[in-house]
Amino acid sequence: MSPATQALLEFLRSWWVELLSGVVIVAIVPLVAGYVVLVERKVMADMQARLGPMRVGPHGLLQPIADALKLLIKEDIIPDNADKLIFWLAPVISMTAALTSMGAIAFGPSFQVARDINVGLLFIIGISSLGLFGIVLGGWASNSHYSIMGAIRSMAQLVSYETAAGLALISGLLLAGTLRIHGIVEAQEQYGVWFIFLAPIAFFIYVVASIAEINRAPFDLPEADSELVAGYMTEYSGFRWSLYFLGEYANMIVVASVATTLFLGGWLRPFASVRWLSWLDVLPALVTQAVGVYCLIRAGKQPVAVQTKFMWAVALACFALAAILAAPLVGPFRWRFLMRGLHGAFWFLLKVGAYIYLFMWLRFTLPRYRFDQLMGLGWYILIPLGIINIFGVGIAMILESEYGWNRWLALVVTTLVTLGAAFFLLHLNEKRKAAASSAIAVAKEAVAGDIYAG
Amino acid sequence: MVDESKASQSSDSLKPDAAGAESGPGTPQTADAPGVPTAKPVAPAKPAATKTPVPVQVPLDNELSRRYRERFGAGILDALEDRKQPYLVIDAAKLAEIGRYSRDEEKFELLEDFTAVDWPRREKRFDLIAILYSFTHNTRLRLKIPLAEGEQAASLVEIWPTANWLEREIFDLFGIVFAGHPNLRRILLPDEWQGHPLRKDYDILQQDTPWVRENLGIESGQ
Amino acid sequence: MPGGVGNTLHEDATQTSKTLLGADELVLNMGPQHPSTHGVLRVKLKLDGERVRGTECVIGYLHRGVEKIAEHRTYQQFAPYVDRMDYVAAVSNGLGYCETVEKLLSAEAPPRARVIRTILTELQRIASHLLWLGTHALDIGALTPLFYCMREREEILKIFEKYCGARLTTHAFRIGGLQYEAYDLFEKDVERFCKDFERRIQEYVDLLTGNSIWIGRTRNVGVLSAEDCIALGASGPVLRASGVKWDLRKAMPYAAYDQYQFEIPVGTRGDTYDRYIVRMEEMRQSRLICLQAIENIPPGAILARVGKVLKPPPGEIYHSIESPKGILGYYIVSDGTIQPYRVRIRPPSFVNLQALDKMARGHLVSDVVAIIGTIDIVLGEVDR
């Protein structure tokens, strides 16, 4: 064998797990993202007093498959004067960035593609922010006025809110002391408490900034379809559009995972370090069991036979999952090692799901920010608050380590001071807005030449 | 067309004339209509009606009409009341003056509506109708301005800015030009439309033939 | 259509023109196909960056020549046509037309008909405002109120359907009164709806009124002073939000409005937020009117004796009502025949839309969408 082939085989032998996981991610994430879309539609329908997709498959469960097929067979329209190469490239960049950043996410202690790289969090943030190129290039390449306006707005919004998100994450990282994903979760285990309780303001800033980063309401002005049709996505149809769309939902999963890892304890169960609460370990199996039982009860109430059988199948799947989750607890001792992996994945996914549900809830409740208000919120409130918060957490840590303060006391004191600073910033913002609106009144008078136009 | 409808109606008016059906309070009692001026919009030459209907317009003589007559004299051609609604027939040359007086002195702040009616057999073909409302006195007044074809009317935009689109619509549908309007273009119909549809000599069945022929390249299906 | 058939979103979408001062102005075309222009309305925005320096509305895409058609139909035949103008509030249109023709005939609808007309018109006012609220909130980005509003509107449309068979273009009234007697459970249905509605309005208020994003999007946006309102002829909630406490139902009562107690909501600043508050409050007042009316619907005839062939004495009449959008006026000239000589419809949306230019100057493009929504236009009425 030639040395090249040998080197290749050597590489494959040592890295086959990672490569396989990578392939699995690329294969599975679009499907998962499709089902997240379905969940969103069902949640949206629930909040809007209606049912959502019900026709395609029992309870609409085959809807994502149908949508994917439809998008694949749609006509591929490229605007006449579009820059063909960049038009093709932009959604690819968007999707690639999202999927690549998933590589460093740990979905539990044992599921991570980039196995424990020492710059885990930085890798995720850095690569996912490359997705911005996809948006901007897409808007530009479409050669349409609406698209370029949407792309420019999106670019400004993303850059500002990534700064804010980064500052919020730094506060958490000060507490964690490391960028390694596993290290961060272990730090939370050591502290005995999730970082959301130690740095709540940082978590709040991160929630707001992450919504803005993935262009979701109330920050979805770039894709506001009542104003700019669909912003940078206007000219995309069919499969290209679906790449953008899936990139957005993959980004949602990434952002939720980062928040879960850093603030919500990653894969730790609630009260992970409290020994006498270790009976909470039965919760995963119990919850899955309860869902299965509920499905059984609902199976009897379905109007159509197909849906009844489907409910039974879902109940069966839930019971199987419950059995798998219960196995390490009730099975032979050497199965214990499975517990960390499986239960960790369960808790992680549960927290990510809750975070995504929060996203959806906010989307359907709140109206949309206007662009200048959005930028004002980012630059005048979130970024200064983030900086102040870093100082606060840092000072709290110094107080604890150098001056022997009680950790909780130090953090509470600095959090209250930061809260005070937050109110002060809001007050300043109100004054600025009042000044701006009187500027509009002045502009109206100045511009009001003839009221007879139009 | 109006003539055809009248002909068909007279042939099937077997029932007694139900004009002015009185079934509730408020039937105006009119003895006669003295001194009907030639500009009155009574329908001309009704064909073969069973009886000539009694006109319901009465001369108007109250404070308001006296003030106007005092102020404008010959500018007020007539003051009448039709079913309890007063209106003044005024001279088109005095329109702007009377408008300004109405808004400023008589406090008719709102130009509620501005429209036109086409009486093709009359010498002064059009009747511009301005309906004014006063918030202070909570009354309405109608101004009727007879206008000959080709005659321009003064624009009321300076007095009531709401007249902007209202006058554009009159221009669009009747062809009446308003002198002093800042932007007199068609508003409801395409810019290149020929003809003014609300005129009585505009055939409703042939209305879109030239436009359809030019823009769609087919014969209109009407 | 100006510019020929096939005018797409991109034709003359962007042009730059130099003003006298040499600054670049960008002309952005909104519509006629656009998710937020509430129908086929084309608005040309002259932008300076993102600030609007002037607007020009191009209308007429829905012009159907209703006034010309009126001259070739009998008075009764024309009644269904008026529903199609403001198709969102068809019952109001019908009320205006029927009352105008009744005045022309010097007739009056019997008391029972007047009360039932009032109830149906107030329900229609609530339905129209609900549709306005849902679409306006949707334009500003709140996705959920639309569905709640549709849910309530559904109840009202069911009542209409039970009454006259149609939900949207109802032709509910006849000249002289009503054709259909109120169905058996009419009072119960209306009462049940009104009792439920207070809680629902509270839902909308909870979602929007105190929401800081909503306030930020609507406060001080599209301000129109009272003098401008009157000068531009704006009426209805637009006028009331600017501080003028005037409602045609109180100033010149028609139907049975003088029998009921209700308030006129007034705003202070004349901005989009005030118009929102005024319309919400109007819904509440309409609900109160309905509750008062169903307590005491007088018995008796529902149709006055106007005869089958209507030949009003020659002359003219003008009558207007307070439709949900503003002053809806009808000017009818009769020449003594069975067909009107001229029917002129004074559309509130047409006159209110003139105010768009004044309101939108100096604001951003996103605000223009909010302002178009807050004027509450229906293109069927603007274009007729």
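Each chain carries a letter (A, B and C) given by its place in the written order, and its residues are counted from 1.
The criterion applied here is as follows: a contact is a pair of C-beta atoms (placed from the backbone, for glycine too) under 8 Å apart; a residue touches a chain by one contact, two chains touch by 3 or more.
What you see is a predicted model; the values in this text were computed from it and never measured.
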{"item": "Label of the chain whose CA centroid is most distant from the centroid of chain A", "value": "B"}
{"item": "Central chain of the complex, centres being mean CA coordinates", "value": "C"}
{"item": "Centre-of-Cα separation between chain C and chain B, whole angstrom", "value": "25"}
{"item": "Distance from the mean Cα position of chain C to that of chain A, given in whole angstrom", "value": "43"}
{"item": "Chain A and chain B: spacing of chain centres that average the CA atoms, whole Å", "value": "66"}
{"item": "Multi-chain contact residues (two or more partners), chain C", "value": "232, 354"}
{"item": "Where chain B touches two or more other chains, by residue", "value": "161, 164"}
{"item": "Per-residue overlap in chain A, given as positions that touch at least 2 other chains", "value": "451, 453"}
{"item": "Footprint of chain A on chain C - complex, ascending", "value": "9-10, 13-14, 28, 34-36, 50-51, 53-57, 137-144, 146-148, 151, 207-208, 211, 213-214, 216-217, 220, 223, 228, 232, 354, 356-358, 361-367, 369"}
{"item": "Sites on chain C touched by chain B in the complex", "value": "1-2, 4-5, 59-60, 63, 65, 67-69, 71-72, 103-108, 176, 230-233, 244, 246, 251-252, 304-318, 320, 327, 329, 331, 333, 335-339, 341-342, 344, 346, 350-351, 353-354, 383-384"}
{"item": "Interfacial residue positions of chain B with respect to chain C in the complex", "value": "2, 5-6, 9, 13, 15, 17-28, 41-43, 46, 49, 53-57, 82-83, 85, 109-113, 115, 117-118, 129, 131, 135, 138, 140, 142, 160-162, 164-166, 169, 173, 186-191, 197-198, 202, 204, 207, 215-216"}
{"item": "Contact footprint of chain C on chain A as seen in their complex", "value": "44, 47-50, 144-145, 217-218, 220-221, 224-227, 229, 363-373, 437, 440-441, 443-444, 447-448, 451, 453-454"}
